[in-house]
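Take a look at the structure below.
The chains carry the letters A, B, C and D, assigned in the order they are written, with residues numbered from 1 in each.
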Amino acid sequence: MAIEVKNITFSYPNSQVTAVENVSMTIEKGERVAIIGQNGAGKSTTVKIMNNIYKPTKGTVTVDGINTKNKTTAQIAPHVGYVFQNPNDQIFNDDVTKEIDYVLRYWKLSEEEIKRRREEAIDVTGIRPYLEMHPFDIPLPIRKFLTIAVVVAVSPDYVILDEPTAGQDLWGCAQLRTVMDYLQSKGKAVLTISHDMEYVAENFDRIIVMAHKNIIADGKTKEILYRPDILKEAHVKPPLSAQIAQAIGIRTKVLNLKELTAAIS
Amino acid sequence: MGVCIEFQDVSYAYPLTRKAAVRHLNCQLETGKCYGVIGPNAGGKTTFCNLMRGLCPNFYGGILKGNVLVNGKNLLEWEEEELSVQIGYVFQDPFAQVSGIKETVFEEIGMGMENLGVEAEEMIKRIVEIAKMVHVDTLLQKNPLALSGGQCQRVAFASILALNSDIIVIDEPTSQLDPEASNDVFEIIDLLKKQGKTVIIAEHKVDLLAEYCDEIIAIADGSIIAQGSAREVFADPVLREKGVRIPQVVSLALEMEEAGTPFCRMPITMEETIRMLKEKKEGK
Amino acid sequence: MTDREFIESFRHYQKKGNWWCDFHPIAKLVFCLAFGFMSLIVFKWQAGLAIFILAGIIAIFTPARKTYFITLGVMFVVGCLFTVVVRLYVHMGDPGPVAFYLFGKAVPKAAVISCLDLIFMIEGFLGIFMTFFLTTEMRDLCYSFEQIGMSPSATFMVLSTFSGIASIKEKLNSVRESQRARGIETEGSLIVKIKSVLPVLFPVIISSMTGVEDRTLAMDARAFAANGKHTALRKVAPAKPVEKLIAVLALIICVAGSIAGRIYL
Amino acid sequence: MNGKKRKKKKMDNMTKLLIPLAVAINMLAYNVLYSTTMVILGDSIGTILVGAVCGPGPGAVVGILSNLVNVIKNPVMIVMLPLNVAFGVVSGYLSRKKIFIRLWKAVLCTPIYGFIGGWLSGSIIFLAMGGDFWGNMASVFVGIPLFNAGVPKYFAMAVGQLLFDCIDKAACLILVYLIIRSLPDRFLIKLPYGKYVTSKQYDESEVEF
């Protein structure tokens, strides 16, 4: 049960410039993986190939054994959920519950099933206080949790989060952790693209580093964040606590402030 | 240093809402200083910036109580057009700030000045100068619609700075940008500070704010809960109660205190923290 | 073009180096409108053909000649042939001198002439308009109108219409991508497509309309509402007397030609 | 448009930006709807929408600009200019009667739009074609059979056009109604005719400070 990506190459339809060159990776069910790297390194393209929005020009992608070559994006959606950066591209109902129910009704699920999934999704994403508001009246960062609720209601085995912490405040980040713990408890895999190194160090145990259109490193978070050469090649800075630890010569591999305080005293 | 913006017991409610967005704001902003505005989403940060620029009564409607003074003159007396020259405003979404009617970055930067009737020769001089300052001088011939997020935001900055406003209000400029582009934006803000302009930035990236701002204003559920120098405000416990994000170096210092090895002074930037930790290591 | 030359080009009038492209936009517009409407009013193949040839001659001396003849060819096939076939079908078997036989039925000479009138009317009208639209930039035309009193808002609306059409297509693609990733099928049989119209069309319209609010604020921040004197970076040379003369001449020919055409042909 | 009296506030910025967007919506709806349904054109959705939320003036300008864009591709369309303008103006006046608040009221007005878009546009093309049929679905399926059944050519063509156009306009009105209902009230009340299209009324008094 995994997403296998075997040396895929992709170039946009009307341009010879390749966006991604011969990338291979495997995401097991229940894993928590973060893809980091500079803009233009091919992160978004690789992820969009995994949930079949783009079809690779070379190489194959299989989701739980299903080859995505002759499947449409919508057929892969029940297996791989995608939360986009801009929630406004998806919302078209004038009511929160209708928005969450739409896809479930589209797949002709039973009414109780729809109700159960919708209530669970609303509780997990914490948008219950905003149920009566019009989706476009809800402030943008909180509206993003509506699109997360839609994906949670579909409950695919693999969930992709594209820059989830962009524009989020403390409440938002805490709510995001609850969502990720809920997905972890259901045994779902969570894959994210993010520039927020603190969020990545805190929540993900495996990191894939991408630069100039292919993968340059793939390993445990603790190893990758303490390899200055890899991070330099990917133009990525380690989290603040790691930077301080290295600056004052602490040997233990520190990932967050708590570990740093313990290491200092 | 004169007071350029003053809030006198300002309360404001957006139209069609039951609750006021901001209640009884009182503060004075001095010319030439850089203010960081922090606080949770929907806490009133953006309303605070809108009030300053006069968008809240003029554009959004709604009910305004108390008055906002810009350079001593009540906002409601200002002419629309004068306001856009007096106060520059840069927004969150880089792509919404592209006019779409200009085919090169050069003309895009000049659009503000064209509207104000600035002479062509003066326009060309200012555009070249500002483009260099904002590092878009290599993109002058590119089409604005084909730029990346970071480049778009810098072009938006350039077209506002071209109007030579003394006060610049910036509402969450880096929330859609990657770390590199965010640093470019804050470098521009640093240059503005050096030119003696008053800069007000609402932002979530608190670590960057701590390094660049002279004063911090914390706003949560509609009222100012703390205002003062960065060092005082970040150490203030009320911030943590109201869920306001504080820089990591400050939370590190607070945790060090709990662990019994406090810092002598509250650090604000990473370099400072490293220096203090090194001294502590030799001291032991 | 190096940056130095590019910036220098704003110090004097825009020049393209071709006599027809540098022809003053409004004078050129009057010239083309005059002949276009003459072809419409006279509605005879002789007038239409004459204008079509005139337009062809002008087009040959401009850089846009290749696109001119390709577009015209496409217009001819798509526009006229379908109408001619329907018209001939209706007039099959009418009385009057016979031009030729089609499927055993007599096709009268009058029907053929009325078809020729129609074809050359459209070709003449199309041809002269094409010589205008392929060789003048919309922003230069709007600039010239602004010089004779059109309000700058009108220029803004016309120019942002064209860029709006391009950017809304991009928006449509990103909305399709996110709705497919959510599980809504957009490719496939006709019923599937019709069912997907609402979830695809609505987010584009609603998010671009609510997006107008941010764009209005951004334009307002650039003193867009200023109603004082406007200056411009891109300037077009004012109309030379000879250009005004040509425009007036074209008007006279149009009026005279229309009356003459109506009486004699 | 800029000849308006000084007292009446000049067309505000929001409407100036909404008009080009509405023209783009016309083009987009045409591409999406016409390619899938072959019957519904949807190229007047933007004009009706702006007419309904901003008033007859802006609606008319959207009609003019939509027509201008079509003229560049096919200059003969310039004869259609008055009709496009009519769509915008009619939507503005109907919106004052609050027809876009109830779905049945909006659909009830289809014949008005059908008459402009079908009967009048048919007559203009009829004249332009020198009093004869031309190649489109309406005349082939309805016009010519009626003509063969003895109905005079002009009426046969006009009825054909009217029927086909009513289908298109009914769909457009339903879509415009749904779009307006999906737009948040806070956005609508900033528009000149926002008060005519928002159903919920809010009183200013009991806002808690």
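Just so it is clear, a residue touches a chain if its C-beta (ideal position, glycine included) is under 8 Å from a C-beta of that chain, and two chains touch if they have at least 3 such contacts.
It should be emphasised that the depicted structure is a prediction, and the values quoted were computed from it without experimental measurement.
Q: Of the chain pairs B-C and B-D, which one is connected by the greater count of C-beta contacts?
A: By the number of C-beta pairs in contact, the winner is B-C.
Q: Counting only Cα atoms for the centres, state how far subunit A is from subunit D in Å.
A: Between these chains, centre-to-centre, one finds 43 Å.
Q: What's the distance between the Cα centroids of subunit C and subunit D, rounded to whole Å?
A: Distance between chain centres, rounded to whole Å: 22 Å.
Q: Where in subunit C do residues touch at least two different other chains?
A: 156, 160, 164, 167, 198, 202, 206, 210-211, 215-216, 219-220, 224-225, 227 - these are the residues of subunit C that touch more than one other chain.
Q: Please output the residue numbers of subunit B that touch at least 2 other chains, ranges allowed.
A: Correct list: 59.
Q: Got the subunit D residues that touch at least 2 other chains?
A: 182-187, 190
Q: If every chain is a node and each touching pair gets an edge, what shape is that graph: line, ring, star, complete or other?
A: Per interface graph, the chains form a complete graph.
Q: In their complex, what parts of subunit A are in touch with subunit C?
A: For subunit A paired with subunit C, touching residues are 48, 51, 53, 72-75, 77-78, 81-82, 84, 86, 88-92, 102-103, 106-107, 136, 150-151, 154.
Q: In their complex, what parts of subunit C are in touch with subunit A?
A: So the residues of subunit C in touch with subunit A come to 171, 174-175, 177-188, 198-199, 202-203, 206-207, 210-211.
Q: Tell me, which parts of subunit C touch subunit D in their complex?
A: Touching subunit D: residues 36, 40, 43, 75, 79, 82-83, 85-87, 90, 114, 117-118, 122, 125-126, 129, 133, 151, 153-154, 156-158, 160-162, 164-165, 167-169, 172, 190, 193-194, 197-198, 200-202, 204-206, 208-210, 212-213, 215-216, 219-220, 224-225, 227 of subunit C.
Q: Mind listing the subunit B positions that touch subunit A in their complex?
A: 39-43, 92, 148, 150, 172, 175-176, 178-180, 204, 207, 243-245, 248-249, 251-252, 255-256, 259-261, 270, 273-274, 277-278, 280-281
Q: What does subunit D use to touch subunit C in their complex?
A: Interface residues on the subunit D side: 1-2, 10-11, 13-14, 16-21, 23-25, 27-29, 32-33, 36-37, 61, 65, 68-69, 71-72, 74-76, 128-130, 132-135, 139-140, 144, 175, 178-179, 182-184, 187, 190.
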